[in-house]
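Everything on this sheet refers to the single structure shown next.
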Amino acid sequence: MPGDGLPGAVCRLRGIDKRFGDTHALRDVSLDLIPGEVLALVGENGAGKTTLMNVLFGLLRAEAGRLDHDAGTGFFADAADAIAHGFGMVHQHFMLFDDLTVLENVIVGAEGPGRLGRIELAARAGEVAAVMARFGFALPLDVRVRDLPVATRQQIEIVKLLYRQARVVILDEPTAVLTPQEAGALFAMLRGLADEGRAVVVITHKLPEVTAHADRVVVMRGGAVVADRAVADTSAAEIARLMVGHDIAPVAKRNHAGAGVRLALRDLHCAPRAGERPVGPVDLDLRPGEILGIAGVAGSGQGPLVETLVGLRPAASGQIAMDGIDITRADVAARRAAGLAYMAEDRMRAGLAVDASLAENAVAGREAQPPFARGPFRRLTAVAAFGRDLIARYDIRATGPAQRAADLSGGNKQKIVVARELAGQPRLIVAHNPCWGVDIGAIRFIQDRLLEAARSGAAVVFVSSELDELFALSDRLAVLHDGRMQALLDRADLDIARVGRAMAGAA
Amino acid sequence: MTRRGWIVPLAALALIALVPGLRAVALGFLDGAFGGRNLFNLWSTLSRASILLGMAIAVLVAFRAGLINLGGEGQLVLGALAAALVGIYAPLPGWAVASAALLAATVAGGLWGMLALWLDRGLRVPLLVGSLLLNYPAVQFASWLASHPLRDVASGSAQTHRIDGAARLPRFDGTILDYGIFLTVAVALLAILADRYTVFGYRLRMQGLAPDFARAQGMPTRRLGYQALFLSGAIAGLTGFTAVFGFAQRYVDGMLTQPLYAWTGIVAVLLAGMVPWRVPVAALIFAVLATGAGGMERVAGIPRESAQIVIALAILWLAGSGRSPMPGRGR
Amino acid sequence: MAGGVGPVADAGARPMIWDATFFESVPRFVTPLLLASLGGALCHRAGVFNIALEGMMLIGAFFAVVGSYFTAHWLGGLGAAVASGLAAGALYAWVGVRRGGDDIVVSIGLNILAAGLTAFLLRAIFDQRGQFDDPAIATLPRIALPGIDAVASLGPLLSGQSVLFWAALALVPLLAWGLTRHRLGLRMRAAGDNPAALRTLGVAPERIRTVAVLGSGALCALAGAQLSISNVSLFTEGMSAGRGWIAVVIVMMCAGRPVWILPAALFFGLIDALAVRAQVFGLPQQLTEALPYGLAIAVMAVALRRAAFRVRT
Amino acid sequence: QDRTFYYVSPDPIGLNPFLQMGEAGIRAAADAHDAGAVVIESDTPQSRLENVSAAANDGADIVVVLGFEFSDILRDIAPLYPDTQFLIVDQCIWDDRPDNISCAVFREHESAFLMGAVAGLASQADKVAVVSAIDIPFLHRYTDAFAAGARHVAPDTQSEVRWVGGQNPFADPVRAKEQALALAAGGADVIFSATAGGDFGVFEAAQEQGFTVTTVDVNHCPAAPGRILDGTLKRVDEVIGTSIDRILAGERSFVATYGLAEGGMGAISLLPDAELAESGCLVADRPEIVAQVRDLAAQIVDGSLTVADPMAAD
């Protein structure tokens, strides 16, 4: 009975169940989407939020459950079906075509009428321009997406939905890559859409956004919905407790900065690759035991800076010194020999050889040193023993040192990286988003290890996209904007508004 | 192979055993591969397997490092050519000629291999295409040398003079199999052991599996790449040496290209799923297929191209079953 | 001439390379390269690294002869060639697109299959080894251009060329237009750019890529048909003779852009034609053989250094 | 049938008339001696080696191979099979020939010289040319002797040569055709086609451009009506028959040489008038040319005219 059973709701999910192999990603989930309402969907990493939306959108098949919507009953066959029913989704990772123009990005898959498949480009451009005018966007239609900044890309995604006349608008972590100010503007726009009678769903990890902008919040944990209530009836603290199942004590952080300078950057400029914007100048002094946080919206120059620090890309000019020794021209191996440890952001490609075994990953970087090698020959027993040792000490969930790294869960993969990098008693740690995509338990574990390393005298450069964890761990915080150091704040001066302004480029 | 992987071959075996016509074909095949008076065909098969093994190992070394070297043919031919040059012109005692030729062959093949990587790293011509294109100048240069300056005019063929008898690789009595097989087998053994038991092998493997990872761990990836391509080319060159000093006793235009040794080597490595110890097995299987198909044709009149078709279908079947033999290229 | 054998040509024989038949021969070399490169471009743009162009060409060359011989009409030859190219493309699509096989492995498999299958069928159908020719093989019609014939320099170049030459030329603007202004073309570029994103828009990238691979199969087969039932009227084993690889180079160099592919194919066709003629300069034949490949490396080095193309390998 | 004769070809036989004659010869010999005949085609150096070995292994009484590709192979293989007799046609092992190898070789240059004479006489432009497979000494027997023949009858004649080359020089009509077209464009109006499997391409070019052709080995005239002047005849089939007779008669390790005098080489214009009229060749309508060619042939046979052997010259 379409329509009848949905008083006030545009769609209704009931009893959804979904497994990926041994992972029970969704357990008996039910959810109503209501026109005119902004719904926040929250939960820790891996709670099942994205999976649930993918099921709703026809991108994944549920094993059990049903979907009722205002035009009928039954799951959508595919994304095309969902789009045809007025559903639109902005995905967690941008789903844009870098080499296509903005206009092409918007119309692919909905090219409109046209004889024999011809695209009436002028007519489509007019329609897209009309949509943008109505919602106050100003995007250049014939620029390639590759050449646009992140916040603009976000807007293209939303224009895509509006062009397709979506009545249900789902955004998966849309604010992860935005400054607080940009996020505020986005929510204002979403409120406008809701006021026109659309149902809006926002997935986010930022609880202040939930309390400030949402009407209703749904909390997921371990694949199940654990709370569904009006925002007015709850608080950020309660939502956090619901998410992790217990209260979270704040990280115990004390300043251990010692004397001397461990890392000195002087007028450092990173060598840009083709199509990149220049990064620099960066000037910094970092003391032993000190944790320097680096904040900035994605693409502000964190990547090039980190790569230059660890020796993966040359410096265009300027100087890097470690313990007073110039290492500007030293390669990765030399820097590592001098005590550098590096936790790469892209753990699947740079942090790990996922097709190699756990033990082989664990000894990387020291494969030629005793006890793992004698002369040119490897000592396989020592390698395996070291793998077993790490498994025990870091509580890595694996069948043994010979297990393929690819078969471990995300958090356990990251534990290998952390364990390996800390095993050598490093003097300088460069950690790039080390807690990205791992669950809250593992996050605490990794953060504690970093604090421990700082306590025993290592200097830490801690690059993260999460302001919360930057605030919790940093002794000082550098904010990057468009490749330049926009601000350098002491722990005592940390203030969300101030950091947000610096991220957006204001002084 | 998985459990399911055995079903197709087993079914094929059963079919062959039950149908009389097929049985005759199969017997012709087996005789062509293993039989003959004094097991002559078995020795022929081994002789072919030796060259295929060399080429497969050459490919393996590069592929393990993630470097798609399709230039084996040029490296093989230049190695053979260098060996022939030394073999014909070096005024040395037999054993010294052979050693110098071996050295020249490995260096020539190795340098040609490195050139392909330099084109990639230095000029951005992708290795896959650059190494492939480098085959043509190498093969044509060898063809020119064999047809003009180095030609054994009296023979009427485009071929160089014969290597002096004292320098040749000896043959097993009464067969066409020469001692070159000791060289290729030794190289294969070394490569398989080095892959597992040396730091160098480990680094090559890591670079092949995850190049960004190897770089981030401070492995000398640039040097490793050139070393891998030099080794790969050198092994191909060594294989060329065994062909010139063993099988042919001179360089004959087309002797290494027409039988598609280099391509078969690549295919053997792919079919072995790049697992080192499986590569010699695959090389042997291809040698058996080739000589056996010849026997099948002689006995039963079945065109020997059928073997090629079977190989191609096997590759496609493996590719489609999702077990990508290329590291880091799978799904 | 090297090698000590006295020259047969009389001393003073005038080198003749820029004569009328030379220009007439250029389109014959250009057409197969152009068709195969355009086929490769479809795959390139759709994100399929198809390096089986060589094999697809060979299959097309063979079946063009089969169709032309049995129907005694060139349309039969083209029809059979296209059908075989589509079949080869379908095999590629099944293994490489639907089942997700690695492009390089699938391509190598298909190239080997093409060589083996054509040799096998040559024997099975015509009971021949190596080569099949027969007066019954109908060749493609040549299009005479009465007006242009009169123009001294252009006459031989443009008049009397096969239908496929004109078809290939016409395909260049058609594909260039289609890739931007046709729904399928836009989706192809999208599939090559970000297949996951295309899927979220309700379009299955596999389907688009399948179309691209089928198209490349058909175009490569036509390239083969030009070789076997237009340039000559016969089939020889290995007839594609490395042209498919040159086409791969052209596609990469031009990043799959039809408008750039045309001059590149002209260039390599010209080199190919020159290589055949270069003996008049007394150059050893092996040098002229190697020339296109050496030049391909050089041109690629220059082209790829200048423009920062993404080359997917 | 208690005897078996084997024929191992160096390349796929295909439409290569020379290799086809080898097959015809072995079958005729087998019929004549009530023996079995087995034909094996090779395609690579390795398969030549394997096929010769397999033939000997199968217990062949006589193994006939065609072409220079087999010299090294027989030198190695023959001593292993003393009970088998080997016959190399078109090539020989001159030093240290094992006892069980005999040779039959031809003086191709004698016939090629005659083709040059035909071309020299027929050419209106005083320009003739040769397309041949690959620049090797053996093929200079065709190219050089042809040029010499043309100049012998018409000293002002220019002669040019082009090689097919490529991956497959003995069976590449595509390249053969391009070379012929280029030569025609340069003004040659008679072209000698000595490309083995590529001849068909030269004939196609002749039909398109209107030049005439002389050919090698067998009568090609019906394949390109109105375009072929004359051709050499190489009696491979007969020579195989004669040689097998000699082997069966107990002769060992002989070298037989065949030229115009022995009848192993010939030309269509030298055939009896009735056969010549039937041949379909253009020279049949040019009695003045036929007369001169027959005269030259007679001089070669009686020794008053010697055609230099380009292979011996080197």
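To keep things simple, chains are lettered A, B, C and D as they appear, and every chain counts its residues starting from 1.
To be clear about the criterion, a residue touches a chain if its C-beta (ideal position, glycine included) is under 8 Å from a C-beta of that chain, and two chains touch if they have at least 3 such contacts.
Note that this is a predicted model, so its numbers are computed, not measured.
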{"item": "Two chains joined by the most C-beta pairs in contact, as defined above", "value": "B-C"}
{"item": "Chain A and chain B, separation of their C-alpha mean positions in angstrom", "value": "47"}
{"item": "Whole-Å gap separating chain B and chain C, where each centre is the average of the chain's CA atoms", "value": "29"}
{"item": "Centre distance in Å when chain A and chain D are each reduced to the mean of their C-alpha atoms", "value": "77"}
{"item": "Whole-Å gap separating chain B and chain D, where each centre is the average of the chain's CA atoms", "value": "36"}
{"item": "Junction residues of chain D - those touching two or more other chains", "value": "43, 134-135, 137, 314"}
{"item": "Overlap residues in chain B, where contacts from two or more other chains coincide", "value": "147-148, 151, 153"}
{"item": "Where chain C touches two or more other chains at once, by residue number", "value": "3-4, 242, 284, 286, 289"}
{"item": "Each pair of chains that touches, named by its two labels", "value": "A-B, A-C, B-C, B-D, C-D"}
{"item": "Chain C contact footprint on chain A (complex, rising order)", "value": "57, 59, 78-84, 89, 91, 94-100, 104, 107-111, 114, 117-119, 121, 160, 274-275"}
{"item": "List of chain B residues in touch with chain D within their complex", "value": "32, 36-37, 40-41, 44, 48, 147-148, 151, 153-158, 174, 176, 247-250, 252, 254-255, 258-259, 291, 294-295, 297-298"}
{"item": "Residues of chain D defined as touching chain B within the complex", "value": "38, 40, 43-47, 49-51, 53-54, 56-58, 68-69, 71-72, 76-77, 80, 91, 94, 134-138, 311, 314"}
{"item": "Interface residues, chain A side, partner chain B - complex", "value": "310-312, 331-337, 342, 344, 346, 349-356, 360, 364-365, 367-368, 373, 376-378, 380"}
{"item": "Parts of chain B lying in touch with chain C, wherever the complex brings them together", "value": "68, 119, 123-130, 132-137, 139-141, 143-144, 147-149, 151, 153, 263, 266-267, 270, 303, 305-309, 311-313, 315-316, 318-322, 324-326, 329-331"}
